[in-house]
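What follows is chain A paired twice: with chain B in the first complex and chain C in the second.
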Partner chain A sequence: MPNTYQVISSVTVGSGGAANITFSSIPQTFTDLVVKLSGRSSRSAAVGEEFYLTFNGNTSSYSERQLRGDGSSVISQTFSGSSIQQLGQPGAGATANTFGNWEFYIPNYAGSNNKSISLDGVTENNATQSYTYLEAGLWSNSAAITSITISAGSYLAVEHSTAVLYGIKNS
Partner chain B sequence: MAAGATYFPIATTTLGSATATVTFSSISGSYTDLVLVENGQSSTGGSYTRIRFNSDTGSNYSATYLYGNGTAAGSDRYSNMTFIPVAYVASVETNFNHNTIINIQNYSNSTTYKTVLARSNNAATATDAAVGLWRSTSAITSIEYYLNSGSWAIGSTFTLYGIEYA
Partner chain C sequence: MATKLIVDCSTGVTTEVELTAEEIAEREAMAAEYAVQKAQEDAAVAAKSAAKQAAQDKLKALGLTDLEIAAITGA
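Our next item is the complex of A and B:
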């Protein structure tokens, strides 16, 4: 039987950090994509420092619907704009050596319909507040996804942040 | 999951015509877990997705939900259902904006009831997580996945994967 869950590429951020993690020239031979991200932001706060997800270098037509728990309450919010933007990570004020944990599942990434994304994440921290996220993401664009960029915005993904891109085939 | 892991496509379909129920039958018992991935939309007004096993239409299903629709978050529970209502918040209407990933653990054993963990998403309507239970010790050999009304639209895709632990 075929092995249909394969590593396409992986990135480990080195010393000094990185503003972006990019997967480019993504082969169109898979059915779905999965990104597994372990991240931490250089920004000062403890938790909820956003990373931003874009495709093909495009900065329009993104939207998301979020469910977030912080240890004492739960909220649901919507966002839209130039990226999928609510990918919270621990910041510089979080417990040392603590990284966020996210999975993005992108079905039919090479197809010609809009791209609907499932996103799950956590920002654990040894403190009163931390976050867990469930999110629905959408890129309202019919283009096949050929590149994925995870940005730390005006800050950096710190050293030891990692991201792995997997491809899944349905045959 | 590491490279080389055992994640196999059992069956896949891209609908060429509107279809009320997508059925995966004669599922081999040789895997450990199942994963069903859907990226679809309704052609005729259906909004909620449902799953049923082995054509069992008895009141043998239950489910608990956690959901957010962008303004409110909540949780609900249903018992003694004739199906597991997977996507709890109406979300399957347009533009293939909907996806669901359903994990079915230890599906082939003949000792325990079967549990389901599902994530359903539409950025225009809601995101939700559901856990479901089928109170049967039978191995799952068929899956019916359908809408509360109407049909899945042309172009909707469904793939069933099997995962082996060894």
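Our next item is the complex of A and C:
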């Protein structure tokens, strides 16, 4: 059970927006990693727009199972491919100045097994349609994770979107 | 031109650089891949919902009440 929680790095998007956020040269001295993301997409009209997560610049061997509620129904979905996807964020159609909240938990990131990821998040919208997510992800790659990239897909993460990378030690 | 933020965790320094053509293509491919999978999932959900409704309509045509249909389907 982790008993430490240390900020490794953080970043806040500036006025021009950003297509990607990458944490590079991640120290290999922790047991687990946590990313906290407060994001909003530049996509017009969207209430929920997708961000994507990749490791080490690699774009293969990702899969995930997702439970998602949208204000009126709940669905279970699977995805696989070049990223951990469908990390919903409010777009320009959502209530102004609101940001999504996500947490990615990556245990044993420096180990030599495939990498599992637990994700949970919400979009924010002061209306009936808003999304909440629970996801279990897998990167079928035994490499230690040295970099994490959050991509805003075809759009931008808008100004004030923030990501914080924490390291957790088990002792 | 879209840019990316790179946070070097060993130094704490953040740099902003333009995406390469390869990175732009990668982003667009991710979005396209997601759109295809999402459409497939949505179609599956819609098909399941339609099948459920069709089954309920058939049960109703046989004379079952809504309460009776709910009792045997859990709906």
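The rule we apply is simple: the second predicted complex is superposed on the first by the 166 of 171 C-alpha atoms of A that agree within 3 Å, B and C clash if a C-alpha of one lies under 4 Å from a C-alpha of the other, contacts with A are read in each partner's own complex, and residues count from 1 in each chain.
Methods note: a contact is a pair of C-beta atoms (placed from the backbone, for glycine too) under 8 Å apart; a residue touches a chain by one contact, two chains touch by 3 or more.
This is a predicted model, so every value here is computed, not measured.
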Touching partner for A:6 - first (chain B), second (chain C), both, neither: first
First, second, both or neither for A:166, with chain B first and chain C second: first
Which superposed partner A:75 touches (first chain B, second chain C, both, neither): both
First (chain B), second (chain C), both or neither touched by A:138: first
Chain A residues contacted in one complex by chain B, in the other by chain C: 75, 77-78
Of all residues in chain A, those that touch chain B in their complex: 1-7, 31-32, 63-68, 74-78, 105, 107-108, 113-114, 116-120, 134-138, 140, 166, 168-171
Touching residues (chain side chain C, partner chain A) in the complex: 2-12, 14, 16, 19, 23, 26-31, 33-34, 37-38, 41, 45
Interface residues, chain A side, partner chain C - complex: 8-11, 13-14, 16-27, 50, 52, 59, 75, 77-83, 85-86, 151-154, 156, 165
Contact footprint of chain A on chain B as seen in their complex: 1, 3-9, 12, 37-39, 66-73, 95-99, 101, 119, 121-129, 155, 157, 159, 161
